[in-house]
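Multiple structures follow.
You will see two complexes here that share subunit A, one where it goes with subunit B and one where it goes with subunit C.
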Partner chain A sequence: MQRRTYFYAALMLTLVTVGFLVVPVVMSVMAGLTKNFFVGLKSGLTLEWVFRVWELYQDTIWRSMGIALACLAITLIAGVPAAYGLALSKSRWARIFEETLILPVAVPGLAIALALIQTYGGFREFRMSWAFILVGHVLYTLPFMVRSVLAVLSSIPLNEYEEAAASLGANKRRRFFDIVVPNAMPGIMAGSLMVVTLSIGEFNLSWMLHTPLTKTLPVGLADSYASMRLEVASAYTLVFFIMIVPLLIAMQKFGQTGTARKPTQH
Partner chain B sequence: MNSTSSQNTRINLRRCAKTFGNTQVLKPVTLDIQAGETVVLLGPSGCGKTTLLRIISGLEAPDHGSAILFNDEDVTSRPIEKRQVGMVFQSYALFPNMTVRQNVGYGLTTGQGDERLTKADRDTRIETMLKMMRIQDLADRSIDQLSGGQRQRVALARAIAPRPKVLLLDEPLTALDATLRDDLRMEINALLRDLGITAIYVTHDQSEAMALGDRIVVMSEGTIEQIGTPEEIYHQPNNMFVATFIGATNALSGHWGHKGFVPRGMEVPVAALRMAAQGGNLMCFRPEDVDLIEDGDQASGALKGIARTIAFVGSCHRVIVELPGNQTVTLESAWCHPPHPGDPVLFKIQENGVLPVWSNEA
Partner chain C sequence: MKHTSHFMGLLLLPAGVLVLAFFALPMVKLIVTGASGEEGLAAYWSILTVERHREALIATLLLSALVTLVALIISTIVGVFLVRNRFPGSQILVSLLTFPLAFPGVVIGFLIIMLAGRQGLIGMVSQTLTGSKLVFAYSMTGLFLGYLYFSIPRVILTVMAAAEKLDVSLEEAARSLGASQWRVITDVLLPALKPGLIASGAICFATSVGAFGTAFTLATNIDVLAMTIYTEFTLGANLASAASLSVVLGLITWAALSIARSLSGSNVAAAG
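For the complex of A and B:
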């Protein structure tokens, strides 16, 4: 009897907590879909605000997606070989480098942005293009890619595979593409999803680095909250959810299959 | 077997040494390996045998002044991928992202050597390899679906498929259980004979070395102790290390008099003076190189002791005998009536049984 009471008490607590967190999300979504938020649901549901967001801010959505993909490309090209190098190297410098890579994660985005502006703000064309934001995003997301790939490479006998492939005549390039990349795939996938998700949602750096012509989605969102009707801003949030939630689910799913596969590897 | 035989390669090592940091783990080694020969590098762990193998493969660069020749061609500065060596690793190192077939065929796609193979050539070669190692049924399996023995077969097939100049095997059987090890050892032996390929095999297991090697190179602490056929190594060890590392050896202490060896605590010589064995204060012989005297007739030069431990080991009995002077020896012989603990045992060391090694007891 006592156990049952405990069970229901715990259940209630969980539900209250979940409710506390979920209600604002639901409210926000509803706000984006009702005709007049202050009147409430009885004013009726509409997609008008969503279309308005599309009209006003679709450039920020495309830009954010573009930056996220460019960021992904750069972190893949730079991050995977970097992780490979770090995994093979046994030197102390490699470990130190590995640690410094996390620095951009620990330093506040605003500080990084300021440093970038101080150093490169003088290059006008660069400062005014979306590439300026891209640089900030790469700095911020690269460690996630490297760490994610490195974690997988450190868990397999990479050196032995390398030596075996080399004994079969494979040069460095072949070894990288035939052996390293396929075996690092779980890490590359997890890292990629992380990079895209982080880049799309990144606000601190983007806020400092953007110009009125290079707004990203989160910056546009802040802008709409400040200057538009609440319904528009809420509809904007809804659009953001639609973009980011599938990525988050994919990440979650991938993380699970990634860990589930490990025992069979040995 | 013509389709799988490879060109025979002679290997010459000239003063090959390796230093890690301040330690020279491999003292300068000079070794000539005949084409088609199987040479076993044998020694305890840390003796430098794996380092030597890795130098031959090109995975490790030797110290300055070393030279490695494949058929008189200097390959010292070539990395492993340009040496056309086949390698089998202790851990197999099969690629988990590829099927069995893809693993076996990988070396055919890298364009090593001067061979340019068409897709059809490659497929035929892979099929031949799979058939030879009897793993056709596993061709499309992934690596983590294979047992240890199957993995080893795949690793062998993968190493041989590109027709390497030399096959290098680094303790390939260590990770397997005993029965499987014996079976695969025989298979590897037959395979190496069939292919006629030059092979270098590293192991710490002396029975593996005896069974596989045309010649055995016994190593310890970075130097070669002896090079010879299994028979030579066993019957004519160069020194105490080889005598004790290969097979079981009894070492009796005593002194060499002008009539032969007199064990401690005894008055008459028990082994005739012969060969270069004399010297030092030890006399070594194998447990099986003794004649038992079971009918009680006292022959000259016989040793008499008390049986302490008796074990039946299948082909014979192994008896540990305590001799006067507080020495024990192990005897292996087919007793008609094996002794019981405490029984007297009378035996003679066979005339050729004394090993040509001498040492001053440490």
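For the complex of A and C:
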């Protein structure tokens, strides 16, 4: 009897929580597809606002995709070897290096952005280009790539594989590409999804580092929330959801295998 | 397998250069800039001595603590419930609860406007019911809801992971010895979940303290620390003050996350 009551109370709370998270998303999607949100659905459905967003903001969408892919390339080139190095070494210096590497996640984007502006803001070409935003994104996402790959490499007998390969005459280069990379693949995939998702959605750094000519998608979103009618802002949010939800679903799939890591900044 | 330090250096070089040039060096510069204003090093005390800064700090800490507490309570109940009870559709509920995980703060701010803003759902419903429009998105309450929005999915994931490892037979034993459902929860369930709860609570707290996007979308006149830093930097052009405040902000979030990491670290060791 008592347990039934607990069951229904917990079920209610669960449903309310789901509603709290889902209802605004549904409303936002509807608003982006309705002729006049204030009048409601009876004003009719339309793609007008989505087309308007495409017209006004498509450059931000392409730029965000470009930055995310460039960010992925850099975090792969820098992150996978670093994770390999950290998996091999048990020294104290390696642990200190690891701590430093993941430190940018623990510091708010606002602080990192201010630090970058002060140090490199004087280099005008760099400051005005999207590479400035890219630098911020790389710092923020690199820890996720390294941790994701390191988690996989630490769970396999890497040393034995390598010794076997070395005894068969494989050099370091071949061992890296033929042993380490294939074995680390689940971690690399999970890390890559994480990096792209985080980069596309990153706002705190991007807002401080952008210029009027280097707006990213979330920067454009903030812009539209402040200055556009609700329908346009909603349609723009809808475009963002369409980009990010497939990545999130893929991440949930990887999350079930326990390799994906959670983002920590908002 | 022996590796030369030369080879190790080569592996760590790209990441090392990136972090050194674009994180370590700029952070040192930020700390120096923080002390470069008229007051010098004393700028670091301004967070306590300047009234506006102190109030922003207190508001930020209180808000984050409250968000953490409420997120922990809701997530623990919902998380344990969903692990213990499998019913048709429960897997969908889990997916729905975790998919907002990577929504950026700005988008969450907008979703709160959808819920409690001028044209929001709560406003519409309250207008039809009572005749007056309830609008609270652009206040501390709105900010609280926004922070809760991004905290819940994350805490629920941690709670569910911890709850799956729990030994149900302990609870059955307590129950067979006559413990009430409430005693089972407070004496068996919660102590077992405690390390995970503290760790995810600390992460939740740190995230809330450092959050910027949500506050930025909801209102520029809510004084939380992140907004104060932003206004000092853009409107006041007070670089030293913005720098010193963000160093303090970074220290708070870093300290909270260190607690989380050391706890989850010992947790893993205990489990292994």
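The definition used in the following text is that the second predicted complex is superposed on the first by the 250 of 266 C-alpha atoms of A that agree within 3 Å, B and C clash if a C-alpha of one lies under 4 Å from a C-alpha of the other, contacts with A are read in each partner's own complex, and residues count from 1 in each chain.
Everything that follows uses one rule, which is that a residue touches a chain if its C-beta (ideal position, glycine included) is under 8 Å from a C-beta of that chain, and two chains touch if they have at least 3 such contacts.
Note that this is a predicted model, so its numbers are computed, not measured.
Q: For the overlay on subunit A, clash or fit between subunit B and subunit C?
A: Superposition result for subunit B and subunit C: fit.
Q: For the combined three-chain view, what is the angle at the C-alpha centre of subunit A formed with the C-alpha centres of subunit B and subunit C, to the nearest 10°?
A: 100
Q: Pick one for A:Ile77: touches subunit B only (first), subunit C only (second), both, or neither.
A: Second partner only, subunit C.
Q: When the two structures are overlaid on chain A, which partner does A:Gln252 contact: first (subunit B), second (subunit C), both, or neither?
A: The answer is second: A:Gln252 touches subunit C but not subunit B.
Q: Under the stated touch criterion, which partner chain does A:Asn183 make contact with: subunit B (first), subunit C (second), both, or neither?
A: first
Q: Figure out whether A:Gly44 sits in contact with subunit B (first) or subunit C (second), or with both, or with neither.
A: neither
Q: Which chain, subunit B or subunit C, is in touch with more residues of subunit A?
A: C
Q: So in the superposed three-chain picture, is A:Glu163 touching just subunit B, just subunit C, both, or none of them (first/second/both/neither)?
A: both
Q: Quick one: classify A:Gly66 as touching subunit B (first), subunit C (second), both or neither.
A: Touch partners of A:Gly66: none, neither subunit B nor subunit C.
Q: For A:Arg3, using the defined touch cut-off, is the partner it touches subunit B, subunit C, both, or neither? Pick first, second, both or neither.
A: It touches subunit C, and subunit B stays clear.
Q: Please work out whether A:Gly121 is in contact with subunit B alone, subunit C alone, both, or neither, and reply first, second, both or neither.
A: The answer is neither, since A:Gly121 touches no partner chain.
Q: Tell me, in angstrom, the smallest C-alpha to C-alpha distance between subunit B and subunit C in the overlaid model?
A: It is 6 Å, taken between the nearest C-alpha atoms.
Q: Identify the overlap between the subunit B-contacting and the subunit C-contacting residues of subunit A.
A: Of subunit A, residues 163, 166, 264-266 contact subunit B in one complex and subunit C in the other.
Q: Going by the contact rule at the top, pick out the subunit C residues touching subunit A in the complex.
A: It comes out as residues 1, 3, 7-8, 10-12, 14-16, 18-19, 22-27, 29-30, 33, 74, 77-78, 80-82, 85, 93, 95-115, 119, 121, 148-150, 152-154, 157, 180-181, 203, 206-207, 209-214, 216-217, 226, 229-230, 233, 239, 242-243, 246-247, 249-250, 253-254, 257-258.
Q: Could you list, by residue number, the parts of subunit B that touch subunit A in their complex?
A: The touching residues are 57, 59, 79-82, 84-87, 89, 91, 93-97, 106-107, 110-113, 144, 158-159, 162, 168.
Q: Which residues, counting only subunit A, touch subunit C once they are in their complex?
A: Interface residues on the subunit A side: 2-3, 6-7, 10-11, 13-15, 17-18, 20-25, 27-28, 31, 37-38, 74, 77-79, 81-82, 84-86, 88-89, 97, 100-101, 103-112, 114-116, 118-120, 135, 138-139, 142, 146, 159, 162-163, 166, 172, 197-198, 201-204, 207, 218, 221-222, 225, 230, 233-234, 237, 240, 244-245, 247-249, 251-252, 255, 262-266.
Q: Can you check the complex and tell me which residues of subunit A touch subunit B?
A: 156-157, 160-161, 163-171, 174, 178-179, 182-183, 185, 264-266
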